[in-house]
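Right after this note come the structures.
Okay, so subunit A shows up in both of these, paired with subunit B first and subunit C after.
Let's turn to the complex of A and B:
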């Protein structure tokens, strides 16, 4: 069995669940949800088993599908986040169904599977056509997911905004792909890299195409100045979908960015100087425009949205640091590392939000007041999550930031570095504002909040992962480094 | 497994246990007791060993950049570990009728400080200090002794100053790592960085620049003038155990960092004229300006908080001079000041609990009903002034003597002038401390307020600290011999 079969099977499972729900309307959502979760878990196990089996790939897929360690890493990443999102959906279901038209959640369990298979496919893409098709598979499914809580005006607004801006960015991306094809005569990343190294390639044409592609992808990963949709969409979308957008969609965007930039910035590329400068400027803008407005947010969900923008900025800055001579990790590896640390802390944050919501609380910072009194366990886990998002030493978030900062300093990109430091300082302010609210004691309600044992366990595992990665990141680095070596060897 | 790892882990594990529901007081006291015993054991062991790092052990957590959880101790770090365990024990001991979070935060601050003093990897040195800062802020904001709005403002001010200081420090440390890693691989290992620094010293001008960045970063954490204004309100507002631990122990981290990282890696940095002059001016600000501010304080907590900022000036003087005697004096004074200020803040907290006020014009004559308390306070106050026989005196004398060297008649260097001016700080200390002592314990109170001695078990933590002051004051060689050639 090849990895491609797993991806196709996952999409198939999504379709089957959709049909089952349509023809057997009385099926319980628990069954649906658990089936989807079981399917994802099985896919993950199978992925681990067959990960080195490249030979069995169907021959018609060979030119489109690659299986380096980066691809494998992102495939696993997609499965893990999908699993967590499905579980979170199940946990938030009683609350979410109040806002759906028929009081059901069917597509909420099948669409994530399709998104997941799209993300897995994207991780293996070798050319821009595959990228585009996979990206659309993901984005179109997200259009539905974002607007899923149809009875909530905010969710509808989010859905419309995401649809319009998403469609626009898709258009820009396609346009860019066309220009690149015009300039280089090929769609495959290898071919593009080769063509760009040829001095005869028309530089303005290639540059225009590459810039359009980066802008189109910038929309997907929420890079400034294409980040305007993020706060509204994140706020309006159902919390599990927000978590999925913030982690899954972002990771998918970054794997494509990594591949595209490997081609655009390949040795001898005629456009590498400009693209690098473009990345530094966009990255610096993104960290600042994410972090500074976050300081003034009163809603934690919007705050997390802005923080997600600023994290995209750090990732872009990491991508700008090519050929980090003194690191084992390439810039793509650093991005993968950062995303791996970003997953547990962001999911944990949204998990907390979802659990508060399920308890009838709002999403404002003032709703967090006194959380430590009402449920000390949840408060502690949220503290770990926010501390890590802020980049406190001994948490996973710090190691990721440290890599980015050291990379920038090693290259002497002082301007970008100072923007990143300012953003990190602002980050400390707004995350700790929330933490402080949780531990405030005077004038707060003291009725206990109840959360299920399963939630507690998942949150606990995520918190422990954050702390372990914070003090012992070596295994993760090893996974990614071996991948780099394998990719080079090929 | 090194004994130092146990020493670092024990308070943190105890904090976790208390959070999980273990009996707070028993667990905290037990852990801090065992910790003190372990530190004493390590100290005694180290006394018989050759100079250099001992009890080393490293666990690699990242290959490149090379980061490892490496522990190791020399005389300086052991002295500070001893200070930490003493103050942590006293701070935990004196807690009465408080929520568990008081125990947890004390253990976290103490454990974090322990980690910062006993690890030899720049990454973990920095990380442990940050770990200790977080509970400090939270405790000031949540359980400080003022209106919620006021204490939140105080906590934010401290957070912003210390956060900014930490970022500057991080920049300086990253610079150090990038400059001294050498070769093809970045390393955070202090020993490796030191070896590289000895192998290929940087140009003096560059050393001065890096040293200055580190000085600003570490200095802000130690309330070096003019980055000191967070400290006094924070200490005056902080809950008692937090004030004891932060002013007594955690603040010493900045000085320790300068001695541990900045001076060995950048040996000429501190002696470059512009850096030296800037440092001398700043430390004179600590001693003279803060001395005058302290004299005008009219509440005991203000006096103590400001005096603690002021005394940092002497230690910086020792670092600025950089002679062996001055540096050893600085380390001794760090220890002595930590013990004495923790003693004073602890007693001050008790007074506030019993009397509800600390204003001098409302207090008086407390000695008549609380003789034991008065004697204990006298130990702290006189040590703080620098009375011979108590620990601070030994440190201050060594600093002054070590700084006033190479004297030629008629030619006074800036350093000499600074020493001459700094000596007046001792006079100021005497003025404000003796006045505070007289106002509170002698005469009679216009308000009729009085207090009684604490129960014997509650005197013990303070007796422990007072005894430490006396022993170190009479036998400073106990600590000085530990330092061997560490400096």
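Let's turn to the complex of A and C:
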């Protein structure tokens, strides 16, 4: 048994759940949801125990499928976020069903499994064809998920916007792939790296293709100036889907970006200077255009959307710093580390939002006023999440940002570094504005909010992970280094 | 004699037309049609590059395999996309881009 059977199995489980729901309409959504959760958990356990080296794959798959540390890390990442999203869906179900046709949630449990299998596939991709197909599997499923609450005009509107801009980015991506193929005569990342190192390769053609590919992927990871869709889509989509988009879709985009940039910026590549500059400019723009508008938001969901844009900016800046030996992590490793810290804090934030919604509250900052009085536990968890998103020391978010900032300083990218610092300062303002609102005591309602024990437990685990990673990030760092040392030894 | 340049010019024109349509048109159905045109432009470029990149005297088929994947994916995208647009029309009785401006902050 090899790792790819897990992916195939997950997709199959998704299809089976879809059929079961169609032919047995009286099946309860709890059963469906718990089956999906159990399947994902089983897949995670299997991922840990089965053989995972590229040699364990059938030989015909090896040219386009690989299992290195980064691939395995992102596969685990995809499974964890899917598990959390499925659970969050189940938790928000009573609220969500008010906006769906017939009060059903069937596809909400099967589509995330298919998305997850697409993300896992993408993590292993070795050539642009595989990347394209896996990326589209994820994107097309997300079109449905975003527009899922069809009776809510906002969800439908978000769905249409995501559809148009997602399809646009697909078009740009495929056109870019065509030009890169034209310049290098191959689709595999290794082949592209080799061809780009050859001085005879046509530089303008390669540059045009690479820039288009980066634009296409920029849409998917919400990089400026292709970020216009993010606030609207995040606000309109059902909260579990927003969390999924914000963490899962972004991680999937970044694993592809990591692979593509490893090829484009390989030693001796004819286009490396330009692509490097392009990354720095896009990254600096993204942190600023994410952070500055966030200061003026009144809706917490929109605020989290802008924060997600600025986090994409930090990640792009991390990718621009090649050969950062300081933390025994490559730039791809730092991105993976940052995403691993980003997962618990973002999910915790959206979990809080979902629980507020389930209690009949809105998503504006004013709805958070006096939360500490109404439910101190929830307020505490939200505080941990927001403090970590802001990058307060002793939280996971701080370590991730520290890596990026030190990397930029090591390479002497002072312009980008100052943009990042300004954005981080703005971040402190808007996150702490929300935290302050939660701890206001004057003139607030005092009716208590109830949250289930299971929610409390999950939120507690996420908060503890944030704090542990903030104080002691070594184990995670080690997971991400071990494979790279092995890769170098090879 | 038709050269690679001809294919690329036509594909570039298709792509530019599609992009211009996406940006300028207000009707979501037309926008969607323009998006499909962009995908076709990419397909044309892929086939052109493949035809003129000979391996052992035969065209290199890697790019052509991507064309088939693109066509399939585009069909799936259209199925999902039209369903969403129809759902939008049912609620708003319009497929104009002006009808989706509620989300603002």
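In this section, the second predicted complex is superposed on the first by the 481 of 490 C-alpha atoms of A that agree within 3 Å, B and C clash if a C-alpha of one lies under 4 Å from a C-alpha of the other, contacts with A are read in each partner's own complex, and residues count from 1 in each chain.
As a working rule, a contact is a pair of C-beta atoms (placed from the backbone, for glycine too) under 8 Å apart; a residue touches a chain by one contact, two chains touch by 3 or more.
Fair warning: this is a prediction, and the values are worked out from it, not measured in the lab.
Asks: Quick check for you: in the superposed arrangement, does A:129 touch first (subunit B), second (subunit C), both or neither?
Replies: second
Asks: Per the contact definition in the header, classify A:163: touching subunit B only (first), subunit C only (second), both, or neither.
Replies: second
Asks: After superposition on the shared chain, which partner residues are touched by A:22: those of subunit B (first), subunit C (second), both, or neither?
Replies: In the superposition, A:22 contacts neither subunit B nor subunit C.
Asks: Does subunit B (first) or subunit C (second) touch A:200, or do both, or does neither?
Replies: Touch partners of A:200: none, neither subunit B nor subunit C.
Asks: Figure out whether A:185 sits in contact with subunit B (first) or subunit C (second), or with both, or with neither.
Replies: Only subunit C is touched by A:185; subunit B is not.
Asks: Which holds for A:406: it touches subunit B only (first), subunit C only (second), both, or neither?
Replies: Only subunit B; A:406 stays clear of subunit C.
Asks: One more residue to check, A:236. First (subunit B), second (subunit C), both or neither?
Replies: In the superposed model, A:236 contacts subunit C only, not subunit B.
Asks: Can you pull the subunit A residues that subunit B and subunit C both touch?
Replies: Common to the two interfaces on subunit A: nothing.
Asks: Which stretch or stretches of subunit A touch subunit C in the complex?
Replies: Going by the criterion above, the answer is residues 128-129, 132-133, 136, 140, 143-144, 147, 150, 153-154, 156-161, 163-164, 167-168, 170-172, 174-175, 177-179, 181-182, 185-187, 231-232, 235-236, 297-299, 302.
Asks: Under the stated contact criterion, what part of subunit A meets subunit B in this complex?
Replies: Residues of subunit A touching subunit B: 325-329, 376, 380, 387, 392-394, 398-399, 402, 405-406, 409-410, 421, 424-425, 428-429, 432, 435-436, 439-442, 471-474, 477-478.
Asks: Would you tell me which residues of subunit C are touching subunit A in their complex?
Replies: 8, 11, 15, 18-19, 22, 28, 31-32, 35, 38-39, 41-43, 45-46, 49-50, 53, 60, 62-63, 65-66, 69-70, 73, 76-77, 80-81, 84-85, 87-88, 91-92, 100, 102-105
Asks: Which bits of subunit B are touching subunit A when the two form their complex?
Replies: 19, 60-65, 69, 123, 126-128, 130-131, 134, 137-138, 141-142, 148, 152, 155, 159-160, 163-164, 167, 171, 174-175, 177-178, 181, 184-186
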